[in-house]
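Let me give you the structure first, and then I'll get to my questions.
When the chains are written out, they are named A, B, C and D in that same order, and each has its own residue count from 1.
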Amino acid sequence: MEHPLAELFYAQMALIRRTEQTFFDLYAQGQIHGTVHTSIGQEATAVGVVNALDRTRDVIFSSHRAHGHFIAYCDDVEGLVAELLGRAGGVCGGVGGTQHLHTGNLYTNGVQGGIVPNAVGAALAEKLKQSGAIVVVFLGDGTMGQGVVYESLNLASLWALPLLFVLEDNQYAQSTHKQFEHAGNLADRPTPFQIDRTELTADDVLAVHDAARHAVATVRTTGRPYFLMLNTYRLAPHSKGDDMRSEEELAAYRARDPLQRLAATLPEAKRAAIDAAIEARLDAAVVQALAMPPQTLVSFRQQGGGWQR
Amino acid sequence: MEHPLAELFYAQMALIRRTEQTFFDLYAQGQIHGTVHTSIGQEATAVGVVNALDRTRDVIFSSHRAHGHFIAYCDDVEGLVAELLGRAGGVCGGVGGTQHLHTGNLYTNGVQGGIVPNAVGAALAEKLKQSGAIVVVFLGDGTMGQGVVYESLNLASLWALPLLFVLEDNQYAQSTHKQFEHAGNLADRPTPFQIDRTELTADDVLAVHDAARHAVATVRTTGRPYFLMLNTYRLAPHSKGDDMRSEEELAAYRARDPLQRLAATLPEAKRAAIDAAIEARLDAAVVQALAMPPQTLVSFRQQGGGWQR
Amino acid sequence: MTRATPHLTYVESLRRALAEIMADDPRAVVLGEDILDPYGGAFKVTQGLSTRFPERVFATPIAEASIVGVSVGLALRGFHPIAEIMFGDFIALGADQLINHAAKYPAMYNGAVQVPLVVRTPMGGGRGYGPTHSQSLERLFFGIPHLKLIAASHLHDAGALLKLAAADPEPVLFVENKLLYPLALHLSADGAVRSFATTLDRFGYPVTTATNYPAAQIPDVTVIAYGGMSRLVLPLFDEFAGEEIRVLACFPSCISPLDPAPLAEAAAASGRVIVVEESQTAFGWGAEVAAQLYAALGAQLHAPVQRLGAAPTVIPAAKSLEDQVLVSTAVIRDAVFELLRST
Amino acid sequence: MTRATPHLTYVESLRRALAEIMADDPRAVVLGEDILDPYGGAFKVTQGLSTRFPERVFATPIAEASIVGVSVGLALRGFHPIAEIMFGDFIALGADQLINHAAKYPAMYNGAVQVPLVVRTPMGGGRGYGPTHSQSLERLFFGIPHLKLIAASHLHDAGALLKLAAADPEPVLFVENKLLYPLALHLSADGAVRSFATTLDRFGYPVTTATNYPAAQIPDVTVIAYGGMSRLVLPLFDEFAGEEIRVLACFPSCISPLDPAPLAEAAAASGRVIVVEESQTAFGWGAEVAAQLYAALGAQLHAPVQRLGAAPTVIPAAKSLEDQVLVSTAVIRDAVFELLRST
């Protein structure tokens, strides 16, 4: 039986996967200047959570590994590709690049942990506006090392703010396994701040989505924070090629790839059609972005970096 | 029945109490420049804990409200009085003043929370040296708002360091009750980091001492951190005169004054003798300090603030 | 506008301005440690505010990074937060939020967002609070792009300046001074101040020029300074008037970024410049001022720019030491005499 | 001493020095994020270290304040920690620990303790990492009393410099540069470098002077810079030699506190000075250098000191923008020509 959301979610997840792979290709070709952190293997967390939100009003904060959140939120791969290629037509005019994205109500930044109090402030803003919106902040297992996260857990609970913490625990921070960075179970960290939590393995996007819908509804109705811990795995290197994990470990997780798992529930033809559409769209996005002029200092000064000497 | 430690502890607690009161007097007389945070009402935490330590090797970190810890540790009221009076003979030559004290293995600093990772580093140092020493860090309920405290809880547990956290919960941070600063019970905060804790009311110095001895022994034998939460109360203003608490609330806690409680277990004559000795000692300390020259820039440059222009 | 009368103190001016900002702007929000009534903040600048606007004044835990970080989030989402950091020394804990968040978002998102926040904080020594409660750490943020540093002296209408800062679309670090709080503002030619003028720099912030001689005359020396240094400079006016030394004092309020033009004009008037700042001089505010003045004025300067500030060490608690480590009226006086003697 | 050969790269020189420090000093401890083998740190400076000294190399959680704070505790208690902050941008998170802890304890305890720690971190842009991974935030700490800032250019023996820093009784922020890591050190008169000399400043740190002309001649222009700027300045040597423009480049390594004497000597040689830094010029390193040079040299300077650096905005990710926002060899070249044309 095909789940009513399976096709939609597959399309989003496959789009994320293929976009990330495209970035690796563009990086290898020397088209992408800098770095790129992909979410290959983690698509279920982005798609499962973001689709539980009200895109017309809810607010998202994320950090360096945000392409999946971005695409699930706004579908603007064209803007994202152009951004990573440093084009004027990128969502941030090429200024931000992979780690510093903004569109609509989504904000990302590259300093681990720093966005978390920003999300607290945003949640306070929505509460004061009585907008009914909630704020979601995505953070990684490694980022749970930053003290400001605990300041934020405390504030969100103390002030009863509509803030959903989503911990994407992919077990690693760059090269370091969480057992070398953390004492105890990360899922317990919110407890003393009186923030409830759900922990689940994020192989099945539909299960993630259910949990996220429950979490979002809880935050929206109680007006209080909630903590969703998603056990996931990144199938690609941390950024460009820096992978120290064993082939064995990787193989085990590849066998549990959430994209394949969902794909298996769809008729082959449907899947193929989606895949083909994605290929075509991405090819076009790359061609279009490469044809765009690079961002110029003049327009950057006019738009974002205005300064007077 | 007089407890074998009662006399010693009374002498220390009374010395702390009278020294703090002396500081208020000196402040009122305009002799103390700046500010002063006294530990009146909290003497049982300092005396109960510090006497559980091995003064020959253990290490103490504390912050702005450290006179009690200092006196219980080294008994050097003369050096402390001279320090607060800005004299060259002060323990830090008058440079540090009330909030920035150092003697032997005791270190204090005035930025809430900042000493906690320093204590972690010190504990790592003692572990590497295999000295058998433990480190104690005193912190307040308000200071539990600082993120760096949670980074430190994590590190101390992750690295299995001999570090005893002593939370002196006097319910207030400056003017703000902890219910306006903290979600949940502070005693639960160390739990997710797999740090065990004991919580107790610190009216009875002997009970505090027992708990502290247990905590110290646990840290020393396991080589792991421990968290001791002491519920106490400050009977004097936060610093100089800034008290917003109700007379009613204060009266209730005055009736539970740990110093009076201990005093009641001692024969009147013994107590009077101790009190008289303290008065004489403090009078002399003040006279002696006031007779000392103020610290000079020349000697400060030679000793601590050496700089080349 | 705050109606500043000569009798309004610096703290009262700021306090009234805060109340007026809150009354006029429903998006204004105030947060900080211990700011609720009856306490009303460690230096009482926020006193009365939580009583009048209970739903928009927030006491925070002791968590300076989050005080700034929460303000950034509020600002991104349409509010105008005014945060208080209890002592300026603790702004180091908010450095990442100010530099890598508040000041980054607008430009790195290519202009798509604004972060109109104000972080107010008292800087400065002289109260015997010792090494961690006496610094002038605004220096950390000099020259940080897209962050404004506004410093109120008591020659400025402090409250009006706070309102300007609150209306600025860029994030602002608003530097107050502990020793100025009780002083009456000095906003006109009055007493030893014989002329008093305010111009706007190219960022729209006031630059105050005061002299101890009638406007038409030419100064012997120009003193350029900011913030709490007004407390030290003003007492020299009377004394120097008696000795017929004409002093022009120039106090910009937007201290970073810096518009050198009004300073160069003030400096050119005498050709002899002393820059005074409360922090250590090395790599301080005066370094940029001096570099700018040399470039602008060249040979019009009769002598090297003198930079006065704290000795390069911690600020001790002991009064005997603090007085000597910090710059003082006496040090400025000596520097003026020395400068006049040598040129 | 590290035996630096001309073929040793900057990163290799640092890596060897770290290993030698660890081998020689049982109190040396290394800590930072992702520094364990096989990864060996984001920029590989610590590679091999954890294999050789497993008990004294610690991978930390992502917690920069604590990385510095733990180092302070270690140093107070007799160790010699060398901490790595993965990107210099994140040093803002350690600002309170550096300023209010590391640099305060010795002086505020009146000299009774020392805090001999080194915090190493790579600064600088040019790799397209964008606004939060490309800054040169050592500027925050310029002039902070009792804290040394040491910057290694590739005209310095980077490893030997790190050893000096590790032996310093004061806390040191050791500034590395991302783009220098793969470059071979350039430590002698060689190729376009016709003379190469190293003197020590009054703090005992090396100041390198290199010229593109034989030692006996007089330079046309003096370029004063530090750290990663050596990568931009050196390519001009050849080119200018062809045009018979004599360039003297002066690279101090102790950039704060600053000993102005060797810089003044280098500046006096030509009377024309360009200061280059990677960060924004306003309130930057060049401001202090310029102020010092004017004071020292006065009319010996034939032209105002030129200060070159980044545009006053964020450092964009897009290469087209990054190249223009950051200072470049081209910008320095133009400034040299302009300076020579105008004087």
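In this section, a contact is a pair of C-beta atoms (placed from the backbone, for glycine too) under 8 Å apart; a residue touches a chain by one contact, two chains touch by 3 or more.
On a predicted model such as this, the values are computed, not experimentally measured, just so you know.
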From subunit C, the most remote chain by mean C-alpha position: A
Between subunit C and subunit A, distance of the C-alpha-averaged centres to the nearest whole Å: 41
Centre-to-centre distance between subunit B and subunit A (centres being mean Cα positions), rounded to whole Å: 46
Chain centre separation (subunit A, subunit D; CA means) in Å: 36
Multi-partner residues of subunit C (at least 2 other chains): 60-61, 63, 65-66, 89-90, 93, 96, 100, 104, 107-108, 130-132, 145-146, 257, 312-314, 316
Multi-partner residues of subunit B (at least 2 other chains): 93-96, 100, 109, 111, 145-148, 151, 154, 158, 180-182, 300, 304-307
Arrangement of touching chains [line / ring / star / complete / other]: complete
List of subunit B residues in touch with subunit D within their complex: 59, 92-96, 100, 102, 107, 109, 111, 114-126, 128-129, 147-148, 151-152, 154-155, 158-159, 300, 302-308
Interfacial residue positions of subunit B with respect to subunit C in the complex: 32-35, 86-87, 90, 93-100, 109-113, 142-147, 173-176, 180-182, 242, 244, 294-297, 300-301, 304-307, 309
Interface residues, subunit B side, partner subunit A - complex: 145-151, 153-154, 157-158, 180-185, 188-189, 191-195
Complex contact set, residues of subunit C against subunit D: 89-90, 92-93, 95-96, 99-100, 104, 107-108, 130-132, 137, 139-140, 142-143, 145-146, 256-258, 279-288, 290-291, 294-295, 298-299, 304-305, 307, 312-314, 316
Residues of subunit D that touch subunit A when the two form their complex: 33-34, 36, 38-39, 42, 59-63, 65-66, 89-90, 93, 127-133, 311-314, 316-322, 324-325
